[in-house]
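The letters A, B, C and D name the chains in turn, as written, and every chain counts its residues from 1.
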Amino acid sequence: MGQYLPVVAMLVLAVVFAILSFAASKLLAPRRPSAAKSSPYECGIVPSQEPPERFPVRFYLVAMIFIVFDIEIIFMYPYAVIYRDLGAFGLVEVLTFAIAVFASFVYLIANGALDWGPAKRLGRRDPQMSATRTTTSTVRRVGLEGRPAGDEEVAA
Amino acid sequence: MMLASTLGPTPYLVLGAVLFTVGAVGLLVRRNPLVMFMCIELMLNATNLTFVTFARQLDDVGGQVIVFFVLVVAAAEVVIGLGIIVGILRRRPGATADDLRLMKG
Amino acid sequence: MTSLLFAQLGTPHRIQTPSVAWSGLLPVLVLLGGAVVLMVVGALLPRRSRHSWHLWLTLLIAAGSIGCAVPLWFRVRDHGPLSILRDAVRVDGLALFLGIVIVVGVMLAALLTDGYLRREELEGPEPYVLLMLSATGGLLMASANDLIVMFLGLEILSLAVYVLAGLHVRRLRSGEAAMKYFVLGGFSSAFFLYGIALAYGATGSTNLTDIQRFLATNTLTNNGLLLASFALLLVGFGFKVAAAPFHSWAPDVYEGSPSPVVSFMASAVKAAAFAGLIRVFVYAFALDRHDWQPIVYVVAVLTLLVGSVLAVVQTNVKRMLAYSSINHAGFVLVGVQAASDRGVRSALFYLATYTFMVAGSFGVVTIVGRRGDNRHQLDDYKGLARTEPLLAFAFLVFLLAQAGVPFTSGLWAKFYVIGAAVEARSFWLALVAMLSTVISAFLYLRIVLAMYGGADEADEAAPAVPRLRIPFAARIALVVSVVATIGFGLVPGPLTHASKTAVPKIAAGK
Amino acid sequence: MRDLIWMIPALPLAGFALLLAFGKRLGEPLAGWLGTATVAGSFVVTLGVFLTLRTDGGADHRLTQSLFTWVPAGSFKADLGFLVDPLSISMCLFVTGIAALIHLYSIGYMHGDPRYHVFFTYLNLFVFSMLMLVLGDNLLVTFLGWEGVGACSYFLISFWFSEEANASAGKKAFVTNRVGDWGFMCATFFTFSALGTLSYTGIIDGASALPRSTATVIALLLFVGAVGKSAQLPLYVWLPDAMAGPTPVSALFHAATMVTAGVYLMVRINPVLAASAHWLPTLIATVGAVTALFAATIALAQNDIKKVLAYSTVSQLGYMFLAVGSGAYVGAIFHMITHAFFKALLFLGAGSVIHGMGDEQDMRRMGALRKLMPITAATFIVGWLAIAGVPPFSGFFSKDEILVYAWQKSPVLWAIGFVTAILTAFYMARQVYLVFFGDARWGEPVPEAAASPAANEAQQSAAEVDDTTATDANDEAPVAAHAASDAGADGHGHEAHADVHPHESPWTMTLPLVVLAVGAIVAGALNMPFFDRLKVLEHWLAPVVEHGQAHLTVSSGLKVGLGVVTVVGALVAFALARLVYLRGRQDVAEQIEQPVFARGWYYDSSIAAFMGGPGRRLFDAVSWFDRTIIDGAVNGVATLVRGGGDRVRVLQSGYVRNYALGVAFGAIVLVGLLLSRAVF
């Protein structure tokens, strides 16, 4: 059973880490709540319904990207174990694989997926929008065409 | 290893089938999209267990290699699924799977 | 498992690496490489541009892929199929035929996408990248000779399409479609994978050639595992081709997804899934056909009926076409069910001709949907013949072709399929298929009548609705589809011949 | 000429292509003349081929020309080829001939229509398809033409599609015909699987070797196809509504050529019929006879000038099927030819009347047109005498031949045919009297209460399977107003047409009438009875029908007797109609609306009582049957589909869970089904 010892150690460590981080945030974070603070600001009007929760999309996004890059290691690992035996062929294979991964990384960087902070919008949409979009086109769109046919779908 | 040789493959296969069923039933009864994704993951991993068991039984490394691929596919699925869910939740916070029925009939 | 891997550590010796006939994989590689290049370059260059270079690059890559496939076609025809990557991939006539069909599906969808993205202000390279990646998966499926490669192909194909379904980020229906497609697709893939696991357990391999050899040389005393794997594999394929009772996602997803994407789903995705179905069942499980044929028979009957009957009660044209595409899947299943050379040939012919019909149909739907992609009610088609006679004519051609009217490719497609069923002595199935044609003819006629009748209403609505804009690229797609639909209707010979060449030999019956 | 066979269909095809491309630029009347010229050219080529065939066609007078292998598919192969034999060339002759005349007629009739060139485009496409149907050397080419004529028919029925009723009539024709097409397709597959070929030569040679059951199935399925196309019970419903199309279309498609395709098909495959079970010919004869009688009774009560002719067409087609079922294939073709002449004549005459009356179709508002439209009247009367079977007009000979064979088959069938003949004479006489004789009633409003219920109900029979195209059920005559430009106005309203000035039609319309009238008189000469030398058509067609044709064993005396009885019956019917509609006319309008026997005595004949009392109810019942049972069957299937769809639709709830449940359920069922195979 000796071979399972590292696994057990890992488990223990994981649990300890989880407990520690919870405890740390409880102990260290300042917490002075008040009614005014926790109510949403709506121009002085008392909100009639629950406001939508703040939804930190960025965390999800980063988590998602992390998962993808994380899982790539599953192919790197076996290669690392026997790379000598595979020789040039293996090298070419793994390089091809790495290029593919790198390409997606370039894509993410270029689209600003890893830019941290609230200021920038995802994607590099030109601020002045497209050349084809003029006042008249916008007005027409709002007036007639773009309006959904009585659905709850609202163009954002 | 020891357990496997004494018990034979059947309990593992049964466990795989049970996990698979749990995943399938979970997907049917839960409404939280994230939990539904987790159920799909459970089904895939139950299949992984089955693969590994068969690989042991057949003494064939192929079945174990398959698990690698399945894991990657599962991860990719999760990412895509999360992306879709995030896209929807940005429009409609707190939506469950049952809230998504604009289209029917 | 770990011990197995680590065991290698201590003894460094050269592992024999396979020599890969890369030329055989060129169509896939060109598409994959092109997609990656487009993704990176597209991300680095401005998202919007006056010139639709995303589209033209996509078309170039797709044409390159076809260009690589055509020499292979002749090579395979003259020298037999290529077996690549330790027989995990098998490039034969079937793979190339359907591969070309899939790439054509990409081209048609891409042509429709350009105008759509501009109209909806969603410009970007991603849709094209995803289309090509998805097609890569499709090509892989079509040439897979190993169940795991098949699974990977299926997932590559599907994952890209899930995202494509949710492409229209401002449209809630699009998100809902993506969500439904994803959940159900993941669900069915899990079944599919479990089916692979069971087949692996029953036969000891995931390689289709090995499986076939194993089944030919051994008689299983207890084939429960194998039969269960048949059922589960069929669930996976049945889901992708939208066969009843696994069809329920199709109408909702088709309705919600962006229309150009739907044209891809209905043409290329279906073709790829049928390629897999044919490879696995008709070829690898050829000797057990007496076990799976009755099941496919039942599924085909259900699919035909569900597709035609439910289509009739719809008022949304996109949903109608979704159900009708279920009906068409039923027709292809009729060909598969025959499990004969002729059946496969007819299925290939059907898929090839259907690609043009359905891409054209959804092309029209894309245009008529207008900004917001919401005008899909039957009423929105009223008087189309008056305002846009050519567009209405094109739609008429596609609808009549789907109804199987002479002078269109649809007639031959149905004719061959039913001929194959009759040859396989599945008379009742053939009768049901024809009955469903009668029922769905009614549906197509409803759309035609809406277009060519109801002029009064159109006159009233005329001032409110500006003229439809038909983008240049979409025009090309429609013209190509019309020409192909009528062309193969008048002269089916070449395509028939090609589908005949494509079909490999089926293992003889037990 | 034998290498020019392909020109016969190619010329109308070329016309179609030219009109499609340049039709709009050519405009009126050039587009019409182009269409006419190509069809006339086709007629000339047909004539040449016919003469060649007469002189050097070989023993069996059969020429084939194969253009190319059209559909190669493994063991299956279909050529695009033509088979010219006495049967097909006879059909071609009268198809091209009559089509040319009707094209000419349309030049005048369609004058002023905004879609003038489109009309001729369709018309040329139709002629092409019809010729492919007739000339095709295998079932597949015939099927191509079969569907082609069907498609043209739908297009032209709905030609004035801005009227809802027209569009729905077109749809009805389409849906009903699909049932027939289904039979045809099935038959094609069965034929191929049984014989390994689809060519007629192969079918004719192989038919005798077919097992009886297979032959029966093939013949039965083809009969289903024929029933749909030729508007027999129970699929006749579309034909009366098809009168919504322009009158030349009614004449060409729905009287002379397209609807006879079913009869042609039956004659073409007569060896298969001969090889099939004995009950099948009897079934065909019965269906034909019953249809003939059924439609004739309905025709008695119609007020729309075209509806009478429509039901009459159904009735006459019934005769042809009676002939086929009785083994009188020559008789069937003979009647087809004579019928083509006189019915096309009658339709064109009716069109001329409608044209002259300013789009009036109600016979109750006509009368006394004889003086104002002399040529139309004279030719119409010729057509009337021909259809009524008065010697020496052509209808007499063909009908008589059929009745003799029917007698040989069964006296019951003969009796039905005989009664039908009398009814035919009666309603046609009624029509002629109402339209051309008596007083002018153009300005008179028709009392609403007097409207014939039979007419109403028959017209309301459109297949209302679809709520989007609800016909205006109160509309008295859903037949099209002449021009689409009139669509907005009430083209067939009930207000008085005080300003109607009936006038004779232009020469392009009367010339075809005269030519057809000559044909209607002399076409009987093709197959005179009694003297063997005079039976031209029978000798001519002998090689085609040698397997199937029944041999007449009836004595000459009986033949004469039957003929005399029929003629006397027709004459009596004339007299009765004259009595009813000329002498009692002043009060007819009030009489018809009255309850059964209240004023039945006013008609001093038994027929009058029959018409006014129980007969009325009988016809009402027939109309009810038409509306409820026949249309009900069509609607019923549609309702079933819709109902089923609505039920199943509930499963499509929109909940992704439910869909997943469906997938899981399907998976369980599939696993269960397959495992049950492992266990058992």
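Simple rule for what comes next: a residue touches a chain if its C-beta (ideal position, glycine included) is under 8 Å from a C-beta of that chain, and two chains touch if they have at least 3 such contacts.
These figures come from a predicted structure and were not determined experimentally.
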By label, the chains that touch subunit C as well as subunit D are B
Nearest chain to the global Cα centroid? C
Any chance you could check whether B-D or A-B wins on number of contacting C-beta pairs? A-B
Intercentroid distance (Cα basis), subunit D paired with subunit B, Å: 64
Distance in whole angstrom between the CA centres of subunit B and subunit C is 26
Which integer distance in Å separates the CA centroid of subunit A from that of subunit D? 71
Which subunit A residues reach two or more other chains? 78, 151-153, 156
Subunit C: positions in contact with at least two other chains: 172-173, 179-180, 183, 187, 251-252, 313
What are the residues of subunit D that contact at least two other chains? 649, 652, 654, 656, 660, 664
Can you work out from the touch definition every pair of chains that touches here? A-B, A-C, B-C, B-D, C-D
Where on subunit C is subunit D touching in the complex? 179-180, 183-184, 187-188, 191, 222-224, 227-228, 230-232, 234-235, 238-239, 244-246, 248-249, 251-252, 291-292, 294-295, 298-299, 306, 309-313, 341-342, 345, 378, 405-407, 411-412, 415-416, 418-419, 422-423, 430-431, 434-435, 437-439, 441-442, 445-446, 449-450, 452-453, 455-456, 492-493, 496-497, 500
Can you check the complex and tell me which residues of subunit D touch subunit C? 69-74, 76, 143-144, 147-148, 151, 158, 161-162, 164, 167, 171, 174-175, 178-179, 182, 185-186, 189-190, 192-193, 465-466, 468-469, 638, 641-642, 644-646, 648-649, 651-652, 654, 656, 658-660, 662-667, 669-671, 673-675, 677-679
Would you pull the subunit B residues touching subunit A in the complex into a rising list? 68, 71-72, 75-76, 78-79, 82-83, 86, 89-91, 93-94, 102
As the complex stands, subunit C meets subunit A at residues 5-6, 8-9, 12-15, 17, 36, 39-40, 43-44, 46-48, 50, 118, 121, 123, 170-173, 370-372, 374-375, 377, 464, 466
The subunit C residues in contact with subunit B across the complex are 1, 3-4, 148, 151-152, 155, 159, 162-163, 166, 169, 172-173, 175-180, 182-183, 186-187, 189-190, 193-194, 196-198, 200-201, 204-206, 251-252, 255-256, 313-314, 319
